[in-house]
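Structures given as structure tokens follow.
The two complexes that follow have chain A in common; it is paired with chain B in the first and with chain C in the second.
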Partner chain A sequence: MSRERAPSSGAPGLAPRAWFIWSVAAVTVALSTDNPIYRGLVALAALNVLLTWLPPGRRVRPLGLVLLFAAGIAALINLLAGHTGADVIARLPGDWPLVGGALTLESLVFGGVLGLGLAAALLAVAPLSLVLEPHDVVDAMPGPLERTGIAVATSLNLVSGFGRTFTEVGDAQRMRGWKPRGLRSWNEVLVPVVLTAIEDSVMLAESMEARGFGAGRRTSYARATLRRRDVAVAASAAGAAVLFVGLRLAGVAVDWYPYPTLYLPPINPVLVAGCLALALPSLARPAAPVPARRGP
Partner chain B sequence: MSESLARFDGITYRYPGAASPSLAGLDLEIEPGLTLVVGGSGGGKSTLLRLLNGLVPQFHGGRISGSARVDGLDPMRTPIRRLALSIGLVFQDVETQSVYGTVEREVAFGLENAAVPRAQMHDRVDEVLAGLSIGHLRGRRLTTLSGGERQRVQLAAVLALRPRIVALDEPTSQLDPEGAEAVLAACRGLARDGRAVVVAEHRLETLLPAADRVLLVEGGRVSPTTREALRGSATTRPRRSAVTAEIAWEMRDLAAGPAGPRAPAVLQGVSLAGVAGEVVALTGPNGSGKTTLLRTLAGLLPPTAGTVRRPDGRTAYLPQNPGALLHLPTVRAEVELTLRRTGARGSADAMLAAFGLAGLHDRYPRNLSSGERQRAALAATLAGSPSLVLLDEPTRGMDAAARRSLVAAVRSLTEGGSAVVLATHDTELATELADRTISLGDGRAVEVATAATPAVTPAATSAATAPDAPR
Partner chain C sequence: MCGVGRLASVLAATAVALAAAALASLAPGSPMVSSCAGAGSQRAALVVEHGDGSVVTRCVSFGTATVTGEQLLNSSGVAWSGQAFGSYGQAVCALDSEPARYATCPGQENYWAVFVSRGGRAWRLSSAGISSLTLVDGDAEGFRYVPAAGDPTAPPPPAGVCGAVVATAATAAARSSTSTATAASAATATATDAGPSAAAAGSAPATAPTGDATLAAAAGTSAGAASSPPDAAPAAPDTGSGLDPGLLVAAVAGGGLAGLALLRLAAGRRGVT
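Up next, the complex of A and B:
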């Protein structure tokens, strides 16, 4: 007799499809407004969700460093290239290409807000790699995007190998007399690491082909079932996204533009509620570990 | 006569841009049973396996002539997706062929691609896991498995598609003896069930007696050979190293973990020492701490507790995936870099010759076969008379010729006074080279007795194993 058993999941308690909808909605909200209040709320909600669901043994610090770096770069680029705004904080020689001219407080702040949006978006998709298993990512995708999900899943699998190769190559080169001296010296570690990553990717592609991956109809091992908790998370997140996009289309101000002079961003209680709705997965976390999802 | 499951007539294949063919004039029939494919690195074994399931030429490109039928299909024109139902191929490196993160889903990946109905998929996964005696691993994450378990999971992943032909490319090259035996037992079982099982392998001791036929692949030419002919190349008796009384390296009450002090220690209270001119082999199952011990001894990993002492002079360290460190345009440049960097006196030509690389000195290392690349990495690592040599699984993927080069190089180093510590699953290598064998397990180190190397201390000795003098 045929039996169907639900596969084990790294994130018991919330269906992969619900995670996918939540992530897409949170990214939509973060990128549909320039208002730093809303962006900050989305980032906080996403961070809270991530920390609530983070499985033991997975670290969030590397992501934090990436976020800080990305946000810092965004602020710096806008500061150096913006040259707009009333409050000048410094001037670079005018004959310097691109960066020459006035550096303004408004450009710096707006760059920071751009970085905040980027950070919020990255935090919104972080659960797909840090909370879900690779197969959950595939299960989360709608049918037409399933192959995209597999590409994402396999990329995530290669990340751990990348780190291991970096350690191995660094060790081996150090023992051959290599010492880190400036950026160029890192070529001796980074070049072989990148080459190895490419070789590993080709190897993985071969393995996937050899097991029939490619064009044609696929079936899925796991049954996609949404329970009430999943529906609540997906619906609230989708509602928030629809709210932001709808109000923008209706001409209601959801943005903030700090030029020519800074001013406090407006706050709309309905939009704040929409942002807070994105924190719902934090409340959906079971108090104790629950068994893996089971099929009929 | 048995039914032929695959037939090749006059196949000649050349990779894109290659000067010479990787397979030349291949005439071959593959029948049910166990076919063992042997031969030197770069000879064409992997290409032959890839030809079976269409990866050659469909994935790799290149030029091919001749005709072929595999399970009634033309592997040059039938989509690989369709061929996957007839021929399953398990690759050498278990870590780079996983798509999903858990056993159950990894095994089901091919079934999803073949659009097998969900209910049948679950049955097939059950069946194949039980058949390979790994049903207990079903819910486990792949990263928590040993090498042998992972290799069997990959075998299960191709068997789930119920292919009539199963090909495995050096399936035991990264496995401890127990893992290797489990995989090879599975191969023998598949052959008994009437499948054609084609195994390319350098470690012949277990498979050779069970093989129904043996193919020798050299220089792109495939020819049948006999078990007797291969047994003629058995390893020679061990020759003892030039051991001296001088303690070269030492660790006392060592505790260490693979991620340094932040993670749990896999070695606890380990005390070991080695003398100049001595070869110490570290054995033990995957995850027992062999690599951690080597990295700690190299000074790459700070110990959680205890002390480590190394000799003056250079320490050479060969990691598990040595091909990864190669990045220069030629093999010679790799060796010269080490000599220049370490300020060592020595000849690049001598190192290249010692590892049989004289004819490959101007080749790009990354274009070499896995065995040749391994030798290039060894030459680049060992150049310049290091006083302490640490080798992590040095024979992984090596053919017999490369092994002989390694053995000769290690002996040359020990005769020059180098102390050598090697971690290996290769019991033949340990027997041939080691003056002492240390077994790691459960965080402890125990000296073991072998036929060639009787234990200095009783086999049941505690964690502390430190010879005061050579034997």
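Up next, the complex of A and C:
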């Protein structure tokens, strides 16, 4: 399977703006419904897209761990805090604040659905961090949102940098003989990681200032053009988002609530097609470079 | 200047007219369920079982082919308050003064489970809110205040609340006119027969509009139901449809996407380029 380098402006691949539209549309679909089938389809579509376009040297395992952790936390919190449902799994003492009472299968499942929505949304925005370069993210934003784009790109960059620092500091401490022994022992890793993150942030701010950030409108040497493939991806994704939002506004049921007893979610084949449309970028394989148009 | 002023007036008038039209479109239309005497030949039963076992029943007439569970409840005169949950629809938070106050909906300890009986058949637990429920002549809507945890049991059967399940228009009209004459006393009798606790809670005087002529409270049915506690478990939730072909489509699509993702992951691990 061929994996091309992250598409920079004018390089083979999807245009940054097409990626941006696809991500926004996928997040909209994932968060506009409580139906686990649609959320699962969006997550799978986004995963396929990510795996197709993931540049060499970048891994999805850390992202997978984060997704599992987030989904697990969501399911656990809902299981402990929601006590409604027909199928009781266990009971905690009633005098325990918040968590006391019956733990039900319905609460667990609904928590899992919340986690699935979170995972689908994270997978939808993952290409902005893992596939695109930070300057591509800035270019993807509409003109008025340029500064927002810079903030988003910087934040996304810091997240991955934080992960790298965590790994590096952990490895360095292990080489010095450190071993994790309970929660307190993690101070020896977390404190250097936080200090390094602060230092990196200060350095980034100084670099941006030195390069004239905020002095005027950002210019670029080459500007990406939307090709037929980009338009197809953006249009299909936007169509899926409009379909979900439109049907919601029209009152067509797209949600699912497992209370008081579990039952199969109702499925609308049209909405399934909308979810599948989000997988289109996984079919749009990277092509030959297209000559870039000279910018201003 | 005068022309500008006239144009502004026209624009303002147009804006006001559009706003009025928009507000009119947002306002609830004329209720499908009439509260007038003999207004409808269709009838649906309402059965409410409180947490203490007391039962309140109503027979509501309506003039249209279908009625939503919310409209039925509104026309029954039983006081309720609810909360909308997206496309799920309206969930009943408090009904007939139970609970008197609530902080969360559905309640942490107890909630109002909604049931539907089609054509006199057994209760089925509803998976939709009352605003999403559609009822026709001979159907019944049931509520029971049940513990939040555990299998919700159904309220008493609706049989007899509206007499025969299928009634001709003439019979229904006759019954409706009968209920016109007896609505006030019947509503009171229902609460009395349902048990002293219900009367003590003030359910009937507070909730039964004595002037609502479409209400035909079946006192005998209520008493009979209260004497035979219903412990039968409800059937599967009523999703409003049978086999969902969309589920098959979704399964195929999800399987395909999952298979592709697994293939890509495996190819990535092998380092295939």
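Rule of thumb we're sticking to: the second predicted complex is superposed on the first by the 241 of 296 C-alpha atoms of A that agree within 3 Å, B and C clash if a C-alpha of one lies under 4 Å from a C-alpha of the other, contacts with A are read in each partner's own complex, and residues count from 1 in each chain.
Note that in this section a residue touches a chain if its C-beta (ideal position, glycine included) is under 8 Å from a C-beta of that chain, and two chains touch if they have at least 3 such contacts.
All values reported here derive from a predicted model rather than from experimental measurement.
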item: Touched partner set for A:279, first chain B, second chain C, both or neither; value: second
item: Touching partner for A:183 - first (chain B), second (chain C), both, neither; value: neither
item: First, second, both or neither for A:260, with chain B first and chain C second; value: second
item: Partner chain in contact with A:104 - chain B first, chain C second, else both or neither; value: second
item: Chain B versus chain C as contact partner of A:250, first or second or both or neither; value: neither
item: First, second, both or neither for A:90, with chain B first and chain C second; value: neither
item: Greater residue coverage of chain A in the superposed arrangement, chain B or chain C; value: B
item: Chain B versus chain C as contact partner of A:200, first or second or both or neither; value: first
item: Set intersection of chain A contacts, chain C complex versus chain B complex; value: 2-3
item: Chain A contact footprint on chain B (complex, rising order); value: 50, 53, 55, 59, 79-82, 84-85, 88-89, 91, 93, 95-102, 104-105, 108-123, 125-126, 139, 143, 157-158, 161, 295, 298, 300, 315-327, 337-338, 341-343, 366, 380-381
item: Footprint of chain B on chain A - complex, ascending; value: 2-5, 7-8, 10, 133-135, 138, 150, 153-154, 157, 160-161, 165, 168-169, 171-178, 187-188, 191-193, 195-196, 199-200, 203-221, 223, 292
item: Contacting residues of chain A [partner chain C, same complex]; value: 1-3, 34, 37, 40-41, 44-45, 47-48, 51-52, 54, 83-88, 91, 101-102, 104, 248, 251-255, 257, 259-261, 263-269, 272, 275-276, 279, 282
item: Parts of chain C lying in touch with chain A, wherever the complex brings them together; value: 85-88, 106, 108, 111, 113, 125, 127-128, 132, 146, 148-152, 236-237, 239, 241, 244-247, 249-250, 253-254, 257-258, 260-261, 264-265, 267-268, 272-273
